[in-house]
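Okay, so chain A shows up in both of these, paired with chain B first and chain C after.
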Partner chain A sequence: MTEQKKGGIPTPEDGSSPAGPCTDLPEGWAYDEGASGIGPLSVELFRNIGKPLKRREDHRLVTGKGQFTDDFTRPGQCFAAMVRSPYPHARIGGIDASAALELPGVVAVLTGSDAEADGLGPIPHNPVPSTRFDVKLRAPDGSMPFIGPHVLLPTDKARHVGEAVAVVIAESKGAAEDAAELVEVDWEELPHVADSLEAITDSAPRVWDETAKNTLVDSSFGDQAAVDAAFAAAAHVAKAEFHINRVTAVTMEPRAALADYDAESGRSTLYAGSGGAVRQKRELAQVLGIPQEDLRVLSYDVGGNFGARNRVYVEFGLVLWASRRLKRPVKYTATRSEAFLTDYQGRDLHSRVELALDADGHFLALRADNISNVGARCVSLSPLSKGSGLITGSYHIPHAHLRARAVFTNTMCTQAYRSSGRPEVTYAIERLVDIAAEEMGIDKIALRRRNLVPPGDMPYRNAVGSIYDSGQYEANMDRAMAIFDWSAIEARRAEAAGRGKLLGVGLANYVESSIGTPKERAEITLSPDGRIEVVIGTQPSGQGHETSFAQVVADMLQTPVERVRIVIGDTDKVSLGGGSHSGRSMRHAGTVMAMASADLLRLARERAAERLGLPPGDLSFEGGAFSGRETNRSVTLAELSTEDDPLFAARTNEMHAPVFPNGTAICEVEIDPVTCQIGITRYASIDDVGRCINPLIVHGQSHGGIAQGVGQAMWENCAIDPESGQPLSGSLMDYGMPRADNLPFYDCEIAEVLSPTNPFGIKAGGEGGTTPALATVTLAVLDALRAHGVRDISMPITPQRIWQALSDAGATAFDRETAET
Partner chain B sequence: MMYPFSYHRARTLDEARAYFEGGEDAAYLSGGHSLLPTMKNRLAAPDRLVHLAAIPELRGITRAGDRLSIGAAETHAAVAASPEVRGAIPALAALAGSIGDPQVRHRGTIGGSLANNDPAADYPAAALALDAVIETSERAISADNFFQGMFTTALDEGEIITRVTFTVPDSAGYAKMRNPASRYALAASFVARRPGGVRLAITGAGNNGVFRWSEAEAALATRFERGALAGLALDPGDMMSDMHADARYRAHLCAVASAEAVGHQGKLTLL
Partner chain C sequence: MSQSEIAITVNGTERRAEVEDRLLLVDFLREHLGLTGTHVGCDTSQCGACTVILDGQAVKSCTVLAVMAEGAEIRTIEGLAEGESLHPMQEAFCTHHALQCGFCTPGMIMAAVNLVDRHGPDVDAETVRHQLEGNLCRCTGYHNIVKAVLAAAGAQRTPAE
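Then we have the complex of A and B:
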């Protein structure tokens, strides 16, 4: 296969060579200074890069000057309300809108049949990751998977609770909601399935009549024969089965969309916050069957994303379609209840893992069987794919074999969610390592130390083909243990015991991958007044791009950072851009902005040479000005720009090689065995993010990332009642979120091992807070409860779960007197 | 979005009654922090709301001897900060300060909480343990007769709580395990020690709402120390059960919370 010759991830048929130092790096993997046009970076001249500049966007956001979708209003706008399925699985016999249409203020009721008649297509989600560094996921028969067409409104049946089957448009929001209740749907309830382990069985209700089974992906990776041989020869095999629970993003700003149609030009404008306006434009134009030029998408401030907003929502298509039909602006804003029901959700992976070890505790081979619950339609296979490439974690495991499956269920669709796929497999491998350590009587740190990928083996190809670019894994672990004050654990444990508390500690190493859409484009304009405008196709939702991107351009052009303005989120200005996901933004944007800056300086140098009457090579550039060497003639960048002919450079870059951020996190918990209350008392982490552009922002991202991972481990859960298939945590009354008073002050440090794959050596930050947190919390709890016979506990680890685990282990209910003696 | 309704701000009890009777399906509004979210979710649809907060009889906090009287429209924040309450029954002030979040505490009222009788609310436990008298526009009702199961009270249609009068105990304590999601009580115990004995009320746990645990009261009347509760247990069959706490765990928490409330009189203890 041509892809394999280029040196990407092996395809399922290939099997793979044993893991180890990568001696055949793919073409174009390493950053080529000459080819990029950037030339050598003058790191010593950096004035902003690496500095903790305060976020310039914050003042706007905290003083109510943000421009969120619901802040926009168009004259004469109507409002949309959805008619949603109350059942997890039900056939649509018919839809009667007559009563709804009689209600004053109701403009229209549209159904899936209307959408079909108007020729609307399904959302082209393109869920199968396709870069040559992504693992190849295929259907059970080896073909491309059937993904379940994501039409705006289904005509056959509803496949999850909350699925929209009709949309009401009315003059007011209230009228729209009143009318939605009057729309009569003739439902025929069908048997449903919510859990993926049940869904893969032959007897399970089928989510799609079009396929014989619910399993849409079934692919295997790695060298099965070598793995079988290693297991046969192993001194010890550790086994475990885990479920990484389903969560949802709970963004502060619920998703919203406002569509405005200009009948004269035939153009639509969509105000809709997302993870990247360019994708929204491309895919929604396809749904509507209109040229991309006829759609402008605006995504300014976005109140939280975490992956949930990266993919197109049916409601966005519905308001666009309705506004074109009615020739009026149409707005939809989700309620919190709708967000809980129908925001794209995250995780939900069943993982069965086995680790073979020799008598000394060296890892020999890993087997994994991962099943991803994609929900009613396949929106993204990124979580399964990302995790598949990282099943061996931070450890040298010579051979590995993975079966990766994805399955439809009668639940809301899942999507990449903060650190897509990586927390799941990190949880699996780190828990398995702790289990192996305990079963073999080896210290869990010593066992990890014995098996971490050594820095000398970098770049390292793991047993499923992922090439780890760089990192000092053991140094990370040592540093994290030092800042955690690991050596004082037993003293703290004794002190806590004196207070009647059970103290536990959990450590997890992690490595994750940042791949992301490979293309990014930057356009830089330097005006005669010295102001610099940078148009870029990423989409922040709190990551501080306006600040950190400006730091990069300011240093490349040697101008004050205040002069740089970042323009995002308007597809009339941003022609190309991959959006923000998978930790791609700083690396891709930083690289292409540096390239465009270099182009701009080349143009400026030519103009300066002409202006000063000197050969370009005789000019030096310093402090934003060119000067002739040994002359007193100089000219600034601003002076080289005119209104008619400003200094301008645009560059599109494609960069495929992934990077592998890595690190170690350690959590300490105290559990009250009487109340079963749990509290985190200490959390330390070290994150190798490659070059850190703004440590203040990276730390903030790490802190949020930790809270998000801890949230899943301790509170968050999209619970579903197995009998009725109804979601049980449909509001903040039942869906527990991390809160400030539940979290300690973190001890976080940043490690900067530069990646050889891009000019600045950037990896990624933020998601590294989330990736190990599920494991650290769980391992800490198990450490605390070990003496009472608890060996397993599932997330979220609420007091109820601790009570249950202690009961199951035969520990009698503690009372205060017993606990204190 | 809520269904349409009309809003009336009453200045007197008579005016409130008149507004109420003028509606097809009227509801009284005090702080609104239970009613309004329910209406926003379209789970309640009163055709008119009669706001009670401006009625003078429903305001003020006064103490006379062993009687502490709190106007029904006093907010949780006002009760928590009141020198009278803090001086007379510090555990009651602390309880009020532990309800919800600052927004809830500055809108929600004691009368509203008692009238709603949410099985996970805090005030019903205090009212029952402190032998409160719920004074209404029509009569005075003892707490023992007032609470009649989940979301059910002795209030007649249109009857308005005006004041709540607590008996000041020798000491009292409140201990609560909170739901990790909602932070309502998963199980909480209010224990009041009085000249005539001990009253102990449990909220958040019982499948019929707030209740007194009479075996525990009897044991504590003999010997007021946490050890007196050893061996006493509630029947899980009488407890609520959900994903946040099953019935056995709730029964256990009731015992733990009661012991903590005994052991920390004068205080709020968050488990």
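Then we have the complex of A and C:
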């Protein structure tokens, strides 16, 4: 198995060994304090790490001084508006801009032909996850998949409603929008397909003429023979089919971009909030065909990301291109309607799962068939990939087999969305476990307890090859049940029934993977005045990096946290960095900042030794100063720094081993059986985030994550009319959102089981709220409706869906009312 | 495009301008006055990021034409702090981590200030939640926002009460 050691997750050809304790950990998996240069961590000296410090970002944001993209204005700027396809699939016969160009204030109308003539390339998406630990997704013939070139403006046809086919530039926003309506496109409507189950069939309309089928990825994982044998021998098999519906991020700040071109230097500056300015610079320079040095990208305050902003958008390239052609600044700000049509969307996974159990309820094997709808182009396979590695969830399932497919449709592209891929598979396994428990007459908690991966088996390799680093899954469940006051459920159910309400409780365990771009860089400068500047390549969009990162550096250098300033989001300062996604930031940034801090202290120690005339080994470092042991001589870090030669250290680190945050969440709902109104009455969770740097921030992440998961389960849905292919959720008036009055307070606690893969033992804290929430809400609703014969319900669980489920189960409104009285 | 002269008092200072009749109040604040703290998050008056206080009432400034605000007194997020000292609501939002990305925050704070003005220091959580239903936040799940508003409201109680 040397192949596995090098390659991490086994490729399909490898077959795989049964799941269990991982005895052949890959090289470099465990953190090595010697090799990292950090040495033993002085945990007892931590003054800031682990403390709920108030955020330093907040002052500017609560006083209206935030710097969001649309807040920037350049002298002489003009405005861009898009001409978008009204059809899901249509050939472009021609584009006539003459009427638009006659409107006062219109500067230019540019089309795909102009872009082609100027040699613009497609956005170089690299959708196939490529770290050593990502599962390997391939085309049906085993090659790298065709992804559908993402040109800024297509010349052949539009492949989804809302696809931009021309851009209008005008002196005012109003003029640009008015003119966009006057651009005449000669459309030839084509047959379309929106649902992935339809799209995989041979008779489906083809999204790309370049490929024979819409299926772009078809890969299998796991040991099929072992799985078949286990199913043949099983005492019971539970089966289910789910669709984890399509949703969208709804970042409160609509995406925006302002491009400025300096003809003198030939340099462009792009103000554009994103999930990482470095990627934007690299990929947009490639689109434009200019050297990376000729592009500066600025991403300051970002009004939410959740994955949607990680990848490049065509509009960013369009304003850059237009501003270079016109030699004027060009600004584009999406309307909310445009955001609903053309923000990268999330989820949309069909999953068919089967679980084999022995007579005692021990899990024997799992089969899964997952189909991801990537939309009109393949921007990212992260959701399919992440989910594939976690199909067995928090449970010991000796064998598993998965077929993972991705398919093109005439819909907006999907992308990683909060907790990419993990809520989908968590939903599938947790619902399947509840189904098995009911069918076998085993208590659902007892069944879970029987099968959770025990702490003694960590690190644990699951049946598709993911190595769970650490965790105490059963303890999580027990703690969540204690927080929730599980034993009081029946009393609460009776009390609710007395009020005519149906009460239900759903519990879900989860484990998720945090992988992310493996490289990160930190540059730390300590000035003679004692101030510390840290340049880092992550990109917060509300996660509080300016605070939590400062806490880490302050403790490493033993200086007050107020002295540390975090610099992000300007590619002229940040040369390298993976951005923020997949819960990678605290772990990657924390590690590389600790390394750079250690380097800086080594340099400082040498200087101190020289200054004090003592051997470096004779110096102790405490409170930000070096002193000679048993002497009264000491020197501070600031005193070792000069304007000409400040204390400086830079470190680039590559870290591949993923971590596996985990936990348990419990939701309680009350349903009015007559109106079918549903309300969440309690929500409790426990999240093992590894070491928690700032609990105030981590709790905030849990809360927001829960709301986003609950949102998908209860209200959110990117509905598409199957006949016309038209998106039906085009505004906040027809896309249900979590609001202040439809959510409860949450009872969240943090578990800190340190990960052995990095110096601080960090896992991740951004996505655990979302991962189990789809399952907890659904299971709670099913628990509430069980007595009325309802066994299945799909998301979003609206009152209408509940009414339908009750009616289908034969429970009339009258029955429901009288049953409770 | 027809134009009109307007005079609006914004954060205590009278501002005069000639504006297109179709100009929204929020665009007047952001583009003409450079007060970019008031944000635009939607186009259907749903999100509340543009909330300002107009003659004592919280309004969504994307749903008010600039010409309709002629002669009005408007308070925006930029006019809330007194010099260096934050308004108690701003302070409470920081203390309770009631903001993450901060985009909805100005509108949320203005709506919160106004609701406490209307409901007094003893306002309860349910009322706060109901009153903020028209202000969307995607980051916090509202938990800490509601706590912050209750704390800021409670802090207004005079010791005699």
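By definition in this document, the second predicted complex is superposed on the first by the 809 of 821 C-alpha atoms of A that agree within 3 Å, B and C clash if a C-alpha of one lies under 4 Å from a C-alpha of the other, contacts with A are read in each partner's own complex, and residues count from 1 in each chain.
Here is the rule we go by: contacts are C-beta pairs under 8 Å (C-beta built on N, C-alpha and C of every residue); 3 or more make two chains touch, one makes a residue touch a chain.
Small disclaimer: the values here were computed from a predicted structure and weren't measured.
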A:696 touches, of chain B and chain C: first, second, both or neither? second
Partner chain in contact with A:174 - chain B first, chain C second, else both or neither: both
Which superposed partner A:310 touches (first chain B, second chain C, both, neither): neither
Which partner reaches more residues of chain A (counting touched residues only), chain B or chain C: C
Touched partner set for A:62, first chain B, second chain C, both or neither: second
First (chain B), second (chain C), both or neither touched by A:337: both
Which superposed partner A:251 touches (first chain B, second chain C, both, neither): second
Contacts of A:280 with chain B and chain C, given as first, second, both or neither: neither
Partner chain(s) touched by A:704 [first = chain B, second = chain C, both, neither]: second
Touching partner for A:732 - first (chain B), second (chain C), both, neither: both
Residues of chain A at both interfaces, chain B in one complex, chain C in the other: 174, 337, 732-733, 737
Complex contact set, residues of chain C against chain A: 1, 20, 22, 30-31, 34-44, 46-47, 49, 76-78, 80-81, 86, 90, 93-95, 97, 99-106, 109, 125, 128-130, 132-133, 135-146
List of chain A residues in touch with chain C within their complex: 54-55, 57-66, 68, 70-71, 73, 174, 249-254, 301-304, 306, 333, 335-337, 541-544, 696-697, 699-701, 703-708, 731-733, 737-741, 743, 745-746, 769
Touching residues (chain side chain A, partner chain B) in the complex: 173-174, 177-178, 181, 337, 672, 674-677, 714-715, 719, 728-729, 732-737, 798-800, 803-804, 807, 813, 815-817
Complex contact set, residues of chain B against chain A: 1-4, 41-42, 177, 180-182, 184, 186, 226-227, 230, 243-246, 248-249, 252-253, 255-256, 259-260, 263, 271
